[in-house]
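Take a look at the structures listed below.
What follows is chain A paired twice: with chain B in the first complex and chain C in the second.
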Partner chain A sequence: MDHSPILVVITPFVGAYLSPLLGLWRERLCYPVAVAAALLSLFFSFRLAGSVLTSGTIRYWVGGWEPPWGIELVVDPLSAFMCLTISLVSLLAVIYSKNFIEKELPRGKMTSYYTLILLLIGGMLGVVVTGDLFNLFVLTEIFSVAAYALVAISGKRGSFIGSYRYLILASIGTSLILLGTGYLYIITGTLNMADLAVRLPAFYDSWVVFGALAFLLIGFGIKTALFPLHTWLPGAYSIAPAPVTAIFSAVVSKVGGYSLIRVLFTIFGLEFITDLVPVAPALTWVAAATILVASMFAISQTSLMRMLAYSSVAHIGYVVLGVALAVEMGMTGGILHIFNHALATGCLFFCAGAVIYKTGIRHIDDLRGLGGKIPLTMAAFTLAAASKVGIPPSAGFVSKFYLSLGALEAGEWIFVIVILLASLMSAVFYLRVINLIFFGGDKHEVRRDELPLSMLFPIIILALGCAVFGIFVGIPLQLVEPAVMVLSEL
Partner chain B sequence: MTTIVIKTIARVLVPFLQLFGFYIIVHGPVSPGGGFQGGVIVGASMILLALSYDLSSAEDRASHKVRIIMDSTGALLFAGIGLLCLLVGGVFLEYGIIPLPMAPAEVRGLMILLVGVAIGIHIMALAASLFLHLAEEHDT
Partner chain C sequence: MGAIHPAVIFFVGAALIPLFKGKARSIFVVGVALASFIYMLFLEPQKGWEFSFLGFNVVLFNADRLSLFVGYIFVLIGLLIILYSIHVKENEHHIFSFLYMGSSLGVVFAGDFFTFFIFWEILAVTAAVLIWLKRDERSLGAGFRYLIMHLIGGGILLIGILLHFFTTGSMEIGGLTGVPFALILVGIGFKAAFIPLHTWLPDAYPKASLTVSVFLSVFTTKAAVYALARSFPGIEIVAYMGGVMALYGVTLALLQHDARKLLSYHIISQVGYMVAGVGIGTQLGIDGGLSHVWNHILYKSLLFMCIGAVIYRTGKDDLTELGGLARKMPVTTIACIIAALSISGVPLFNGFVSKAMVYEAADYHDVLYWMLKLASVGTFLSFCKFTYFGFLRKKEIEAKEAPLTMTIPMIIVASLCVLGGLYPNLLGNILPYQSELPVYTLGKLTDTMLLQGVAIAIFFFGRQLFIPHRREILDFDYIYIRAAGGFMWFCRNPVSSLASGMDSMFAHLARIFVGTARHSPLRVLEGLAGWMDRLSLAAEEASNRRVQREKMATSEQGNVDVKSIDSALFLVALMLAMFLLYLAVKHLL
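Up next, the complex of A and B:
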C-alpha cells in the first residue's frame, strides 16, 4: 500500500515541530530540517504523481476507517498536479530563505520563521489531498494562520497593520467557509466530498444549498483574492519577506482557487453550476474584471513588490476564468496556468527579493542600471516577465493560448479580447521595468556582484522552467489532461 | 488587584485543577473528554496562577523553553504513533494493527490513551502559551 498521500502532508508538519526543539539548541539547524522536510515532500509528490498516472485516483482511509465515517484522502490528477507545484515552489523558497532571512529578519526569529513556513507548506498540501470538506476547512485555517504570522514576522513598519488587515479579511473568509460547510452538513448529514456529490442532487431546489454555495463562493473568493475581494493581497504581499511572498503568490492563492474548483466541480457538479445556478458564467465575468482591474492597478504602482502583487491578482483571474468557462480547452489552460504562473511569479518575487537583499531598493525608478550589477538575476527576471506577458515560446504563452482557444470554444469571444488587452497592459508595466534595468543608465555605486548560490539557484531553476515548459508543454499536460477529464465527468 | 483571598483560593484550586485535567486526559478512552479538554484545563491552571499571583510565578513553573519542548514533543509523539502504524503495515493512525500481546480492542484503547496523552502535553503547553506568551516581555 502506498502511503504517499499521508506522508506528503505529515513530513512538513513533523519538520515544523522538530525545528523549535532543535532551534532551542542550535538555531542554525532549523534550515537543514526545513530543506529536508520540503525535499521529502517533493519526493512524495513525485511518487503520488507517478501512481496517479499509472493507476488512477488514489483513496487513502486515515486510521483504516471507511468513509464517510472516517477521513478520506483523495488524490486525483488535479491534486497530484497541485502537490507537485506546491512542493516544488516551497522547496525552492526554503532554499532561497537561508541568506535572505539572516539579513532581513531580526535576530532570534529564524526558528519561528522555518516552523511557520513548514506549517504553511503542510497546510496547503493537506488542502489539496483531502477528500473531506471539514478537513479542508481545518487545513485552510492552519495554513492561513501560519500565513498571517509570516506577514508580520519581519516586525518592520507597516507589517503588523498589513498582517492585521489580512487576518480580518481572511478570517471573514474562513468563517463563511465554515458556515457553508455547516449548511451542507445540516442538509445532507455528510462531510465527505464524494458522498456529498451523491447526496446533493436530491436537494438541488433547496435554499439551504444555495446559501451554502454562496457562503463557500465568497469565502474561497476572499482566499483566492478575486475582485473585489482582493484588497488584502497587495498590502500583505509587499510586506512579507520575499521568499514568503513568492510562496503566497505562486501557490497560496492558487490553493484558494483549487478549493473553489473542488467545491464547484467535485461537490456541486458541472450541471448544477452551469445550468441550474449559473455560477460558472458569473465567475467568468468576475475573473475578467479581476484581470482588467488588477492589470490597471499594476501599471500605476511605483513599488516593485506591489506591482508584482497586482500582476499576480490578474493571473489568478486567468486561472479562474479558464476553469469557469467549463469547456475542455479553457479548463486545460486554467489549470496549466496554475503551474506556469507559479514558475514565473515565484521567479519574479525571488528576483525582487534579491534586489532588496543586494541594494535595499523597493522602488521601480531606482532599478536603473541594475542589469549590469546582477546580470544573471536580471536575465532571469526578464525571462519570467516574458512568461507573464505571454511572449512565445514561454510557458505563459502556452496557457494563455489554451485560455483563448477555450474562450472561443465556449463562444465567448469577448474574453479573448480581455486576455489580449490584459497581456498588452502587462507588457506595458513589465517592459518599463526591464527597460529601466538594462537601458536606464547607471547610477549605482555597488560593485558587479552576483547573489549567493542559495539564492541564485532557485531563481535560475524557475527561470529555466518558464522557458522549458513553454516548449515541452507535454510534461505538465500529462497530469492536466486527466485532471480536466476527471473534473468535467463529475 | 490581587488580594489574600484570591491568592489563597488560587493556591488551593490549582493542584485540584491540574489533577482534574490529568483525570480527563487519562479517562479519554472510556469517558467524554480526552487530550484536548484535559490539556486546556491544565493550561488554564497556569493562567490562573499568572493572574492571581504574578507572571513570574507562572513562568517559574512553565518557562518559555519548557513550553516549547512540551509543545513540540506532544505533536511529535502524536505523529510518531501515527507513523508507527505505517511501520507495522497499517495505514496512518490504524492503532489496532500494532502487535502487542493483547486483544486488538485493548491495543486500540491503549493507543488512544497514548495519543490522548500526547495531545494533552501539546495542548497544555499551547493553552498556557496563548496567555503567557502575550504577557511576556519581547525584544522586538
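Up next, the complex of A and C:
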C-alpha cells in the first residue's frame, strides 16, 4: 500500500519535532532539516499526484482503522493539486529563508522560526488531504497558531499588535468553524466528509444545516480573507518576514479557499448551494466586491508590502469567484488561479523581501532605479506582476481567460467587466512600480549588487513558472480538470 | 508543422542579442532582419502551427495573400529601420524592437482570434517599453498612458472575442454580428486610432526616442488596419470613421509646432485613408487601403527618419527652432522633400497612386469622397509648412549631415517612394485582389493638380498664418487625463477616508452594541459583552490608535489602515445576532 498520503503530512511534522532538538545543539542545523522536510513532502506530493492521476481518488485509513473510528485521508485531484502547490511554494520559501532570516530576525529565533514554518506547512498539507471535517478544523488550528507566532516572530514594533489582531479575528473564524462542525455532527452523527455528503440530503430543510453552513462560511470566509472580513490580512502581511508572507499569500489564504470549496461542494453539494440555498451566487457577488474594493485599496497604498497584500486579497477574490460560479470553465479558472496566483504572488513577496534585505526600502517612491542594482530580481518582479495583471501570455492571463469564459458560461457577463476593471486597476499600480524600478532613475549611478543565490533561486523559479505555465497550460490542467470533474459530480 | 513562423526569427533573435557586443551585435541585428526579409520572400500562402485548446483551434500561422502583403512591407521596413537605429548602444532597445516587430508579425499571421489577441497585447506592451526606454519623465508618463489606453482597448477586444466565441462557438476571425461586432470594432479602433480613441498616438510618439518613434510609426496602427481589413471589410461606419480621422488628423496637424507631433497627427489622418478604403470594402477599396498601408509605411517612416536625423544632429524637434538645413543636411532635406511630396499625393510619387485608388473606390460615397479630398489639401498645406519651416527657410543652425547608417536607409526608402510613383502597378501582383488601376489619366492628374495648386496658393499668400507658434492644443486626452486623475484622487482620498471612517463608525456602533447588551435584560450576554468591551479597549490601547492617526495625518501617508478588531468583531457579532434572531422568529412562527 502506498503511504504517501500520510507521509506528505507527517514529514514536515517530524521535521518540526527534530528541528528544536537539533537547534538546542547547533542552531545552524535547523535549516537543512527544514529544507529536507519540505523537499521530501514535495516529493511525496508528486507521488500522490501521480497515483491520483493513474488510479483516481485515494482513500487512506491511518493505522488501518476504518473510517467511523479511524482517521480517513482522502486525496482527490484537487487535494493533490493543492499539495503540490503548497509544498512547492513552501520549499522555495524555506530555501529563501536562509539569508533573509539571518539578517532580519533577532538572534536566537532561528530554531523557532524553522519549527514554526514546518508546523505551518504540515498543518496546511494536513488540511488538504484530510477526509474528515473535524480533522480539518484541528489542522486549521495548528497552522493558524503557527501563523500567529510567525507574524510576531520578528519582535519589531507593531508585530505583536499585528499578530494579536490576526489572532483575534482568526480565532473567531476557527470557533465558528468548530460550531458549524458541531452542528453538523449533532444532526448527522458523523464527521467524515463523504458520510456527511450522503446523510445530509435528508436534513436539507433543517435550520440546523443552514446554521452550520452559515457558520462554516463565515469562519472560512475569515480565513480566506473575503471582503468585509479581510481586515486582518494587510497588517499581518506587511509585518511578517517576507518568506512567511509569501507562504501566507500564496497558500495559507488559498487553504481557506480550499476548505470553502470542500464545504460547499463536497459536503453540501452543488445542488444545495446553487438551488436550495443560493449561497454560491451570493458568494460570487462577495468575491466581485472583494476584487474591486481590494484593487482600489491597493491603488491608494504607498508601502510596497501593503500594496501587494491588498492585491493578493483581490486575487483570492478571483479564486472564490471562479469556484462560486459553479460552472465548469469558471471552476477550472478559479482552481487554476490558485496555482498561478501562488507562483506570481510568491515571487512578488520574495522580491519585496529582497528589496528590504538589500536596501531596507519599504516605500514605493524609494524604489527608483533599483532595476540597475538588482536587475534579475526586478525582472522577475516584472514577470510576476505581468502575470498578476493578466498580460498574455503569462499564467495569470490564462486563468483570467478561463474565469471570463466561466462568467459568460454562467450568463453573468457583469463579472467579465469586473475582471477587466480590476485587471486595469492592477495594471495601474503595478506599472507605477515597474516604471520607477526600471526607468525612474539614472541607470549608471547604481552598482549592480545581486542577491545571494539562496534568495535568487526561488525568485527565478517562480518567475519562470509564471511565464512557462502561461504557455504550457496543459501541465496544471492535467490535475485541475479531473478536480473540477470530481467536484461537480458530487 | 510546415514552415517556420516569421515572428519566431525575431523572437529568437531577441533572445540571442545579449550574447553579442559592439560591432558583432550590429552585424547580428541586421543579419537577423535580413534573414527574416529573405525568408519572407519565399513564403507560400499556407496554414500551419495548429493546436487544439479549450475546444477551439489555435492557428498560430495563417498566411494568405492579405497577411503576406502586410508581412512583406513589415519585414522590408523592419530591416531598414534596424539599419537606421544601429547606432543605439542599449541592448534593451534592440531586444524590444525585435519583440515589437515579432509580435506585429504575430498579429498579421494570426489565424484565430485567440492568437490574434495575445500578440495584440504583446504588441502594446513592447511598444510601451520602447517608449519608456527614453528614460525621462515625459516618456514615462506618455508610455504609461499609452499602455493603459491599449490595455483598455485590449480588454474590450477580449470581451468581444469571448462573446463571439460563446455565441458562435468558433474562434475564427470574421463572421461578427451584434454586440461582439461592436466590441471588437471598438477594441481594434483603439489601436487604429479611431477618433476619439486616438490620443495615445500624438501623446506618445513625439516623446519616444528618435529611433523608437520610427518603429512606432510603422507597426501599431498598420497592424490595426490589417485587422480591420480582415474582420470588417465593407462596413459603412468604418469608412466614414476613416473620413473623420483623415480630416480630424490633418486639422490638428496644421496647428502643431512640434515636428514629430505634427507627423503623428498625420499618421491618424493617413490611417484614415486606409480605414476608409477598407471600410468601403470593394476589391478596389481594400486594395487601395492596403497599398496605402504599404506606401504610407514607406513615406511616413522616411519622414520620421528625417526628423530623427535632424534631432540626432541638432537636438531640436520644434519647428519654431528649426530651419536652414538645406545646406547643412542636403541628403536629409532631399529625402524629406520626397517623403513630403509622397504623403501629399503629388503625381510621380507613391502616395498619389494609392490615394487615387481610394478616391476611385470612394466615388459612390460623395460625402466621404469630399472629406478625403479636403484632407488631402490640408495634408499638402501642412507639409508645405513642415518642409519650409523645418528645413528650407533661412536660419542659422548648427548641424552637419547625418551618419551613413542613417542616410543609407533614408536613401533606400526615398527611392522606393519614387519607384512606387513611377511604376504604379508594381504592387499589383502581391495585392490581395490584384487590382490595377490606371492612375495617370488626364482626369485624375488635373483633379489633383488643381487641388494642390489651390493649396500652394493658400500657403504662398497666407504664409504668415502658418508660422509655427508654441501653444498648447487641447485634444481629447485632456478629458481622459482629468478623468483618470479624478479616479486616482477618488482612490487616494474618499476611499481611504471611507475605510477609516467606516472603521471608526464600526467602533462606535460596536460600543453602542455592547452598551445596549449590557443594559438589556439579556444578562446572559453580559459576559460576552464585557469580554468584547475589554478586548476592544485593550486593542485600542495596544494599537496606540490616536497617536498613530495623528502621525498619519501629519506625515500625509496615504495608507488605508483599516482597524480590524472592532469592525470585524462587530460584523461577526452582527451576523450572528441576525442569524439567531432569524432562527428565533422562524421558530416562533
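We take it that the second predicted complex is superposed on the first by the 484 of 490 C-alpha atoms of A that agree within 3 Å, B and C clash if a C-alpha of one lies under 4 Å from a C-alpha of the other, contacts with A are read in each partner's own complex, and residues count from 1 in each chain.
In the analysis below, contacts are C-beta pairs under 8 Å (C-beta built on N, C-alpha and C of every residue); 3 or more make two chains touch, one makes a residue touch a chain.
This one's a predicted model, so the numbers in the text were calculated from it and none came from an experiment.
S.K.: Name the contact category of A:Pro201: first (chain B only), second (chain C only), both, or neither.
M.R.: So A:Pro201 meets neither chain B nor chain C here.
S.K.: Using the touch definition from the top, say if A:Phe438 reaches chain B (first), chain C (second), both or neither.
M.R.: Touch status of A:Phe438: second partner only.
S.K.: More chain A residues touched by chain B or by chain C?
M.R.: So, of the two partners, C touches more residues of chain A.
S.K.: Per the contact definition in the header, classify A:Gly155: touching chain B only (first), chain C only (second), both, or neither.
M.R.: Only chain B; A:Gly155 stays clear of chain C.
S.K.: Of the partners chain B and chain C, which touch A:Ala427 in the superposed model: first, second, both, neither?
M.R.: second
S.K.: Figure out whether A:Ser303 sits in contact with chain B (first) or chain C (second), or with both, or with neither.
M.R.: So A:Ser303 only meets chain C here.
S.K.: Can A:Gly372 be said to touch chain B (first), chain C (second), both, or neither?
M.R.: A:Gly372 sits against neither chain B nor chain C.
S.K.: Quick one: classify A:Pro278 as touching chain B (first), chain C (second), both or neither.
M.R.: neither
S.K.: Tell me which partner A:Arg165 touches in the superposition: chain B (first), chain C (second), both or neither.
M.R.: second
S.K.: In the complex, go through chain C and note every residue touching chain A.
M.R.: Residue list for chain C touching chain A: 53-54, 117-118, 121-122, 125, 132-133, 135, 139-140, 143-144, 147-148, 151-152, 155-156, 158-159, 162-163, 165-166, 488, 491-492, 495-496, 499, 535, 539, 542-543, 557-560, 562-565, 567-569, 571-572, 575, 579, 583, 586-587.
S.K.: Give every residue of chain A touching chain C within the complex, in rising order.
M.R.: 160-161, 164-165, 168-169, 172, 176, 207, 211, 214, 218, 222, 228-229, 231-232, 234-235, 296-297, 299-303, 306, 386, 391-393, 397, 401-402, 404-405, 408-409, 413, 416-417, 420, 423-424, 427-428, 431-432, 435, 438-440, 442-443, 473
S.K.: In their shared complex, at which residues does chain B touch chain A?
M.R.: By the definition above, chain B touches chain A via 65, 68-69, 71-73, 75-76, 79, 82-83, 86, 90-97, 139-140.
S.K.: Could you list, by residue number, the parts of chain A that touch chain B in their complex?
M.R.: 1, 3, 6-7, 10, 13-14, 17-18, 20-21, 24, 60-64, 106, 108-109, 155
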